[in-house]
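Take this structure first; my questions come after.
Note that the chains take the letters A, B, C and D in the order they are written out, and that residue 1 is the start of every chain.
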Amino acid sequence: MNNRGYFGELWFGAKSLLIGLNVTIKELFRPIVTVQYPREECEITPNYRGHVELVFNTETGGCDCIVCGMCAKACPSDCLVVKGEKKEGEKRKSLTLFSLDFTKCSLCGSCVETCPKGALDYSQDYNIAGFTREEFHYDLIERLERRHQQPLAAAAGGN
Amino acid sequence: MENLAENRTAYTDLEPATDIPNENHYYLNMGPQHPSTHGVLRVLLEMDGEYVVDPQPVLGYGHRMQEKMAEHKNWMAFMPNTGRMDYAAALPYNHGYVALFERLCGIEVPARAEYIRVITSELNRIVSHHLWIGAMLLDMGAFTPILYTFDDREQVLDILEDVTGSRLTYCYFRVGGVCKDIDDKFVEKTRAFIKRQRERFDIYNKLVTGNIIFIKRTEGVGVISPDMARRYGVTGPVLRGSGIAYDVRKNEPYSVYPNFDFEIPVGRNGDSYDRYMVRLLEIEQSLRIIEQALDQLPEGSFLGKAPKKMKMPTGDCSFSVEAARGELTYYLVSGGGDIPYRLKIRVPSYSNLSVLPELCQGMLLSDLVAAMGSMDLVIPEIDR
Amino acid sequence: MHPATEKLVSALQDLSISVEACDYQQRGYHFEIDLEADKLRPLAECMLAREMFLGFVGGLHVKPAVEIIYQFASFERACRIVVRVPVAGDNSMPTISDIFQGANWHERETRDFYGVNFTDHPNLKPLILAEEDVDLKPLLKKDEDLKGATEVRWAVPVEEKPEVEKAEQG
Amino acid sequence: MPPELLRMIIAAVLVVAFVFLNAMILGYMERKVSAHIQRRPGLMEVGPHGVLQLIVDGLKLIGKQLVVPEGSNKFLFRLAPVLSFAPCVLPFVVLPFARKLQIVSMDISLIFILAMTSINVIAILVAGWASNNKYSLFGTFRSVAQAVSYEIPMLLSILSIILITSTFSLQGIIAAQKYYWFILIQPLAFIIYFISGLAETNRAPFDMPEAESELTAGFHTEYSGMGFSFFFLAEYANMFTVCSIATVLFLGGWKGIPLPLGDYTGIFWFMLKVYGLLFVMIWVRWTYPRVRFDQLMTFCWKYLIPFSLANLLITAVLVKLI
């Protein structure tokens, strides 16, 4: 490629430089493509996989979790803790604690896929920031209650 | 200067900084925080003026002992880790890992799932090359190309986010298929991207490929001869730049790659410019593969039947895929059960970077930056 | 079989190295070789002469001794060879980093993880691990996890009688 | 107070104020132009379209500590920014902004400017040497070699204009461009001058002394706070000086379509031309990769110097003949 000679090289070089300038000046007058983040927001795809969240079942007014513990077992980094207790007169355990340590979560989705009841789903929450680790220890039951502004029905998952 | 380089043996070693072999030489620490080492790589340079006499990469700043982690979890639990080794092209890493278990346990994968894997992997390869073109030009002092390539990269990331749910460290493939099906919107957006990308090559070529400064900076810089590539086990675009058409997709075809018509671009001289050209042409080949895959996309299930509790047979198994940076091999030794006994991961950048001490002897510091930029290093992949 | 592969196999057999063909669909490699440490360097030289490249060098901790696994492949054809070499009693292994320079880092890494001493290696200092972790050897298994060399191999099909060499090794 | 002294004090204050203002305008321009070339909006936060951003940045830099590294030569380290800033103010004293807007009229003002701009090299040398940092030292070596080499084609191209005008006075050169601008008869000299000017002011693609992807930040790696901002001011002041000489020599200085109060309003045309050239400098910076150091030298010695010599020779012959 180096056989252009002294003037050939000069000509080739000058031409290539001018072509480059032409590209950037054209781009200068084209509209911007970035989004001014806090003022405008990107549309997040509904398939976005945020941290997990309990699914609200509108029929029962609670969640479908049956405290089988499959999700906690499937989790690669042990970030889920699921506890339940068997109340009197009920066939199954009812959920008492569902906590997520998001600092450890790698968003792999194993828990959602293994859940036999479809009680888990991904949240759309991507604006996550905090000052302490504890802010990322989520109590998912509480979050569910807060989202629907009502305490979970007593018979959650009981039917 | 050439004499200095010649007098040294092919590979020389790190000496303590107090013991400088030549009193005119001195040490320069490039990294672990340096704009052009792309992460936490440190290169200890023995310098003579502006000439590099002996560059020694110092690894391990981002080391996470992935291979040990693999021995402590069941095979599915290690899956998210694969995407975190090479964060720039995570899907080929996913692909190799799931395909390894499919081969070991003899699991059938539905055709549609294989097509989805190929399409998304190739999109990921394009994304990785976009990132690399920008980063290499940034190393050489051109700021603008990285923003143009990132513009294109964003288009692909949006497409991939829509189906995988994440933008960078994907965990999308599953043993027996993929975890989510693609829809018409995906196909439509991908076709739109292919069209757009073909138009954008014009800007790349005008701004970078034909630019005299870029040509002068990369031509004849960091020449890897085919022999040298063989001795070091260099693979991927770095190898193909040297004129050897080695690509796992052609050489040991996996998945549905034999169904597609594509070429392996090769360079002639093995210099940084050829490596650049190879990657640029590879984007076009990836577009061709995606186009054909979209045309042929079969209907059917996207996730085959894989046993929930999978027991591996005793034995060893190897699976190689063509990652964005070269040949990625997972070598698994199984002692039965569902936890790998040993998982060796052969990452391409590791072998590619090991050329550096021999490649960059007697080079100018600026050339070292250009040569290292053309290798497309991802440090967490090297450190694992 | 590709003619070049045939030549390679016969060249290896000339060195009295037994090469076993494997089912690629099942294992992902074409040949496996169980080797003694003293034949490693002739094998590596033969591989380089026959235009193979070194994929990786890795360790495998099994009873009775750590095995070093070498994988060779070819740029020109589908030919992947796995070589297993148990380390000698003094935990040492000849280096092939002067034949395949790429082995240099792989061997250093193996030393980091398994503490295998590669004799005549030009620079066997910690590469991935820090200098102070020189004795960490993270990939050595605990005794209760440790398996025998034959326990991690493909079961030998019943109709083929197990070879004499293998029985000795187990 | 004698009026002459008062005049000088006012002028000095104005010049220093202008140097600061110029750095702000250029800093804003650079960031906006680069942003739009890269298809992003750039500064948007402070003030409308971010126009006040540079003031905020300036305050931030003033508020920052100047960290003097261990093992550096403390005196020289602190001296270098001042050494860089002081001489770059002086050329403004003789620049002809309009027919009557010139602080000091000198017959040798061109030589004065060229002498003053060369001092910048010493400042970079001192800064890099005193920092006790290998990256800084690299930047210094490169910068000195580069500035010394590129001064030759720069002077040769200026000389071909001097041959035509037979004066070193800037007003005299402008007056000589009564009917046409010299860029029309000396296009080659203009191109050579402009390229050398890019190199002299360490602008991309010749930003060897900074080269941040190789040398982290080159000669000012160790500087922070006001130390850094003095280099920053000096760079922009030098750019302005180089472009205003180009305007005077090749683009007719303050001449343009006559405006009311022509003796003073020529400054409008002058600034327009200067900032037009500065825009080209910025435009070039955001387009090209950086050249390698030896290529930079090759380009100077193998292309620029022979061409400028030939240009000078032809000019000399033609001037003699006509």
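In this text, a contact is a pair of C-beta atoms (placed from the backbone, for glycine too) under 8 Å apart; a residue touches a chain by one contact, two chains touch by 3 or more.
Worth saying up front: this structure is predicted, and the values here are computed from it rather than measured.
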item	value
Chain whose Cα centroid lies at the greatest distance from that of chain A	D
Chain whose Cα mean lies nearest the overall Cα mean	B
Between A-D and A-B, the pair joined by more C-beta contacts	A-B
Separation of mean Cα positions, chain D and chain C [Å, integer]	64
Where chain A and chain B are represented by their mean Cα positions, the distance between them in whole Å	26
Gap in Å, rounded to a whole number, between the CA centres of chain D and chain A	51
Whole-Å separation of chain centres (CA-atom averages), chain B against chain D	43
Residues within chain B bordering two or more other chains	144, 148, 151, 207, 211, 213
Residues of chain D touching at least two other chains	37-40, 286-288
Overall pattern in which the protein chains touch one another (line/ring/star/complete/other)	other
Residues of chain D that touch chain B when the two form their complex	34, 37-40, 134-135, 138, 141, 204-205, 207, 211-216, 286-295
Touch list for chain B against partner chain C, complex	10-14, 59-60, 63, 65, 67-68, 71, 100, 103, 106, 229-234, 239, 244, 246, 251-252, 313-320, 327, 329, 331, 333-335, 341-342, 344, 346, 350-351, 354, 358, 383-384
Of chain D, residues touching chain A in the complex	33, 35-41, 44, 283-284, 286-288, 302-303
Residue numbers on chain A that touch chain D, as the complex places them	6, 10, 17, 20-21, 23-25, 27-34, 36
Chain C to chain B touching residues, read off their complex	25-29, 48, 51, 53-56, 58, 60-61, 69, 71, 73-78, 80, 82, 97, 99-102, 104-106, 113, 122-123, 125-130, 138-139, 141, 147, 151-155
